[in-house]
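Below: a set of structures, written as structure tokens.
Two complexes, one shared chain (chain A), two partners (chain B, chain C).
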Partner chain A sequence: MKRITCESCGHVNPEGTVLCEACGKPIEKNQHIDGNKPGKLLNMRYEGSARRSQTYNKSVIDKIWNFFSSVKVGVTLIVITLIASAVGTIFPQEMYIPPNVDPAQHYADQYGILGKIYYQLGLHNLYSSWWYMILIAMIGTSIIIASIDRYVPLRRALKMQKPKRHKAFLQKQRLFSESENISAEDVEHVKNRLKKQRYKITEQDGHILAEKGRFSRWGPYVNHIGLIVFLLGALMRFIPFMYIDDYVWVREGETAVVPDTDQQYYVKNKDFIMETYDENDERYQEAIQKQGGAVPSNYQTDAVIYKASGEAVTGEDPELEKVKEGSIQVNRPLKFDGYALYQSSYQLDEFESMTFKIHETDDESEEALASFTVNLMDPEYEYELDNGFRVVIDQYFPEYYMDDGTPASQSKYPRNPAFVFFVYPPGEETPEVSFAGIGRNVDASGENDYKVGLQNFEVRDVTGLTLKRDYTLPIIALGGLIFMIGVIQGMYWQHRRVWIHPSDSGVMLAAHTNKNWYGIKREIEKAIDGTGVNMVEDQQEIKQ
Partner chain B sequence: MLSKVEEAKKQKQRKKNLRLLFRSSILLVLLAAVVFALVSNFTKDKTVIGVGTEAPNFKLERLNGEGGEVSLDDLKGKGVMLNFWATYCGPCKEEMPYMESLYPEYKEKGVEILAVSMDSNDLVVNRFVDKYELSFPIVRDNGGQVLELYDVGELPSTLFINADGEVVEKVSGELTLDRLEGYLKKIEPQ
Partner chain C sequence: MGDLTQVSSTLLYIAFVLYLVATFVFGGTIRDKRTDKGNGTLGKVAITITIIGFLTQVGYFITRWIASQHAPVSNLFEFTTFFGMMLVFAFIIIYFIYRLNLLGLFTLPVALLIIAYASMFPREISPLIPSLKSHWLYIHVTTAATGEAILAVSFAAGLIYLIRQVDQTQRSKRTTWLEVVMYAVFSTLGFVIISSLFSAFDYSAEFQFPVEGEEMTVEYQLPAITGPNDGELLSEGVMQPWFEAPGWMHGENAARKFNTLIWSVLTGAVLYLLARLILRKRIAAAIQPLLKRANPDLVDEISYRAVAIGFPVFTLGALIFAMIWAQQAWDRFWGWDPKEVWALITWFFYAAFLHLRLSRGWHGEKSAWLAVGGFAIIMFNLVAVNLIIAGLHSYA
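Here is the complex of A and B:
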């Protein structure tokens, strides 16, 4: 490693240093790195330290390192990611389209040829695509490497700085003045005034450095640590232990296994309640009229959580122990053992049971001779009725539809129940065949003496609950907090330095701050007030 | 003088090695994080129980034949074709007769067929079994626990499990007679 020894103060600097770490003298051959031009002010970013070791570029590792260390690369990555993120919002992502449609069809139907292209390019799942994740990962890498590469030399440069600075360094600061015939008392006076304004004073051979707010220089790096913690939190969402997001439907009166809990937890839906705003209440009348119908005020599931106890083999009915009982309302989940169940959907009035009656076919008043009730989730095979009738369920279609001329069911849920009944009239051994359902009452042979008709039915509601467990939230929140601390640290404080340099006949005064130049000027004004020291001139303003 | 130059050289080499080690390890950690994220993302929707994994045990009530309880562990030593189906699933109805036609032959050879129904009640299953005259064991997964355990998303789905209890093949969707026979041959005990 070629070290650079400062001609002026003799300090040994690392290769690639632009301004001597100790005295600030510009190192002649390296001025191009920061774009410093003769006769112009010095670029003070990173204190002219030897950052990003641009100088080592030998191995592949060094090349990769230097690629990610570049701010230009980092900004480019962020811009690309922003554009990609925007593209992802042109059409809805796949998770927001209806769950029971074919995505290929849906995008083509809804958004035409553009939708079709969108789907075929995979943009309907953009945020979980491999290339998007790699972009985010590259931004993360860039943040880490660029921070290391700047923080280390900057800290070193600030640690090495000496109160005694080279003239060239002072003259090329933005704030600079030269004063003749200054007494030692005046210098002492300025020093004390600066101290009063909470500057930290260090001295060397009559040279004075007044410094404050150095910690604000670490703001960006603290901020970057926050971002990295945030990204780590997001990454942990891939660990099933840390993050669960699932869904369960439970019918009133039923108990269902809670998914993703290793069959450990069960949830019972005691009751689902949907309430609407009172139409007779004056306060709501206007809004309800505007809406053109009832406005729901509450969706609620009264639920019981059970935990399986003992060693039951899957499929066996486990012994359940009550863990918790409570109401689940929108945004008011029921929490148990790290899990939370949220109210997120419902279906009203699914059939629970149906009561049929038997009457004579030619009886116009349809007077019931006998009736029977079928539990739709657990129908019996055979019903013995009053008056000697006997009914056998031959076929049951919970969600009836016609499939190519034959009756069939679309699902196991009794949403449109229909039956083929064998009706045995009293004393008869051959049955009459009847088909009965909602709004259907068909006599298969056309010669039946008795008809089966729907007399009554009972319904129940189904609740849809979202299961969540998110242990990554505290990590993500911590990342956000660190990020904000970094922002505050860098924004509300400034790193200010004032140098006082005795020359043959007077003093040179120079000052630098990383932001808020107005503030430092006011502090210098206060410090020199009543002394012979000249106020600093803003050399940048003069040139413009 | 010479020793000083050499010492400087040595120190330079040491620093260089340290730098390489530092940079390599940071890049390696970052790379590992990226690989982890990508792999997890792509396996997210994949099933937990797949080819090569051990088929987890379950126990369900048998609806047809002699009744009683059927558990997978009781079938150890036999090849097991585990079929997830339902009466309301069209393709399931298509493949059931194929299964029935091959069952007697493969039962002799030590292969058991176990069909797990997803229906909500016994009546529809029994009527179906009577209609298609199915003789292999039929069980019903009332709460969908076994479906959850095996992380099956589509009906029909079939797992072929060898005599050691290891999943040899997993098929989503309908099977043809030829394919079915091919898979059954694979799980015949030796």
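Here is the complex of A and C:
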């Protein structure tokens, strides 16, 4: 690798250096790199250090490196992602449209021609689209490459810097002053005042460097590491072991196997509770009335978690051992062995069983001749009753509705059960056909001697629980934490430097900060107060 | 308890008036030659009134918290009011760093408009639905609002910069955009004025309309320029809608909100045109001479500094705390809900702002335009996403 030796101080700099690492003298042939112009201030952004991206541009690797290390490219990527993200909110994403509808149909019906285009472009699943992923991946790459490209030489430059700076370096700082006839005492005075303001002082042949907050220069790199950790954590969700997301419905009193746990865990729903705010509560009365209905205050499942003990034998119920018992509420998941169950949905008053009675059609008091109970989750085919009656279930509609004149079921869940029964009166071989459900019992032929009517029913609630196991969370949280540390480090502190350079008859004073120029000016004002040293002039001040 | 609610509203009202007074006193400092750096008496009086106003509003916040038994940041009125309060807080902090009176003259009116805007929404104390019942409600919402408020100070400073610096001697793209910003401010004012006016007369028009097969009714507090799609006017003796809202606008209140938007835009236009007629020049051009003594470099730095301070707070509140809560309440820390996406967009935007400023040297005017753009995104997230795009956060 070629080296550049500083003509002024003799320090050997890497190729591509703009300002000598030790004394800051501009290296003539490289000034174009940072856009430094004669008569203008120096670009101090990366201390004029030699960045790979600004030095080499021959091989394909150089070109890729230079592409991703460019801030212009990085910002462009951010802006494209920003616009893409906004486009994704024009219409709801697919996950927010009602389930059980055909998305193609839904978008066209609801949003017209625009919705149709939106769907056909795949914008209804924008955030999981390959191109959105590629955008994020490119931002990630840009973060890594741009950070390495700058961090390494910047660190080197700040390590190599010497208090003794070249005149040209000082004169071309944004804050600069020159003072005549300054006594050594005055210089000492300024130095001590700066020290008092917690500047770290280093000296070399009467040249003084006062520096503080250098660590804030690392803030951007720390926060970029945080972002990378975060993105890696998010990426790990694609590993099945790291991330489990499933769903289970459990009826009151039932015990269901927890999905995705190799039949290891079981959950029992002891009770599902839904509470609402008291409509007479003075505090919330007005709001509840305006809402026009009850406002829920709590959804809760009292649950017991069991673990199967011993070897699982197919076809046999495993022995269960209680692991944990507790309430699952919204905002309060129940956690066990790395898993968490969240209260996520419910179904109130699902029918558990229905009891029907048979009576004579023309009996106005509807006195029961016989009755039978149907378990709605597991109905039997045939029921032998007292008095010689026999009932066969011909058809069962768990959630009954009329579909163009034919009875049908909307789901397999007994939310509105209805039956077509074949009733065999004692000794008869031909059945009478009866239709019975909630609030209806229809005699299909109109000539039945016996009628089937609902006598009684039992209901229970069902709870819907989300199961999660997410080992990526700690990584993602760590990424967030590192990001916050980095961003605070970089934003709430500033790297400030003041150089004092003895000249023939007085001193030169120059200062640089990476942000908050107002702050450093005030500190210099305090430091020079009462001495003959002139206040620095802001050579960049916008004058209008 | 009902009394406490009353006390709370009164305190908010007093705070509002104090901010208004403080704005005028800050206005007085422009002409006062001695108060350039905030050491004049008038400047001191102004900031003192501001602080008293802020403390009064803190009083509102605390009493309302006690009355409602949960942090009053749970609906649009409460959140927006809190945002206004934090904007004043952020201003006070920045004021004590830079002592720029002019900043008060620009920040306080923004806060006033925000609080006035907030009070147009239902103000009764509402119970918390289960997903909002968490400590993260106030941790997340207050931090996010604080971050946004600090970023809003950057907007105020950016606006000062632009009005001061944009050449008003001839018409250009820049002067036009600056007028667009001015017009947006007038529209907000228009919304407040028109809503207060019709609510003073108890205006009400009820419509019946179908939503997914069910008949719904909606009550308009403003005369209906646009009615619900396929809606039928129930009230008598009120204005018939001129046209129906398009069918793709969903939600039971979509048409009403759309109607309010039309009203605000129209009233804003009337106000703006009136102001133009009276001033006989661009609004920004009329303000420009008042800002002559402002140091553009300092204003630029304040604008940037506000972003530097606000960005970490915003990240923490609107993204990180939000994720922690979302993980607890909805079993996923990120769900691409529109409000979440727009918080991310805001974050992207300010990230781009910082990179452009730090690495590409976008100082001065470019930076000021970005500060204005960022605030526009924040307002879009606060107003439009809640009102137009429905999602988990549309609690009003």
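What we mean here is this: the second predicted complex is superposed on the first by the 455 of 544 C-alpha atoms of A that agree within 3 Å, B and C clash if a C-alpha of one lies under 4 Å from a C-alpha of the other, contacts with A are read in each partner's own complex, and residues count from 1 in each chain.
We take it that a contact is a pair of C-beta atoms (placed from the backbone, for glycine too) under 8 Å apart; a residue touches a chain by one contact, two chains touch by 3 or more.
It should be emphasised that the depicted structure is a prediction, and the values quoted were computed from it without experimental measurement.
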*Determine, under the contact definition given at the top, whether A:295 touches first (chain B), second (chain C), both, or neither.*
second
*Does the superposition put A:194 against chain B (first), chain C (second), both, or neither?*
neither
*A:22 contacts which: chain B (first), chain C (second), both, neither?*
neither
*Using the touch definition from the top, say if A:403 reaches chain B (first), chain C (second), both or neither.*
first
*Which chain, chain B or chain C, is in touch with more residues of chain A?*
C
*Shared chain A contacts, counted only where both chain B and chain C touch the same residue*: none
*In the complex with chain C, residue positions of chain A that touch it*: 45, 71-72, 74-75, 78-79, 81-82, 85-86, 88-89, 93, 95-96, 110-112, 114-115, 127, 220, 245, 277, 281-284, 286-288, 290-291, 295-299, 329-333, 340, 342, 344, 466, 468, 473, 476, 480, 483-484, 487-488, 491-492, 514-518, 538, 540-542, 544
*Within their complex, state which residues of chain A touch chain B.*
1, 53, 56, 59, 61-62, 64-65, 128, 130, 133-134, 137, 140-141, 144-145, 148, 232, 235, 238-239, 255-257, 259, 263, 313-316, 377-381, 393-396, 398-399, 403, 408-414
*Can you list the chain B residues touching chain A in their complex?*
12, 15-16, 19-20, 23-24, 26-27, 30, 33-34, 36-38, 40-42, 44, 56-60, 71, 86-88, 90, 118-124, 126-127, 139, 141, 143-146, 148-149
*Report the residues of chain C in contact with chain A in the complex, numbered from low to high.*
1-2, 67-69, 98, 122, 124-131, 133-134, 136, 165, 247-248, 250, 296-298, 300-301, 304-305, 308-309, 311-312, 315-316, 320, 323, 327-333, 335-338, 341-342, 344-345, 348-349, 351-352, 355-356, 358-361, 364, 385, 389, 391
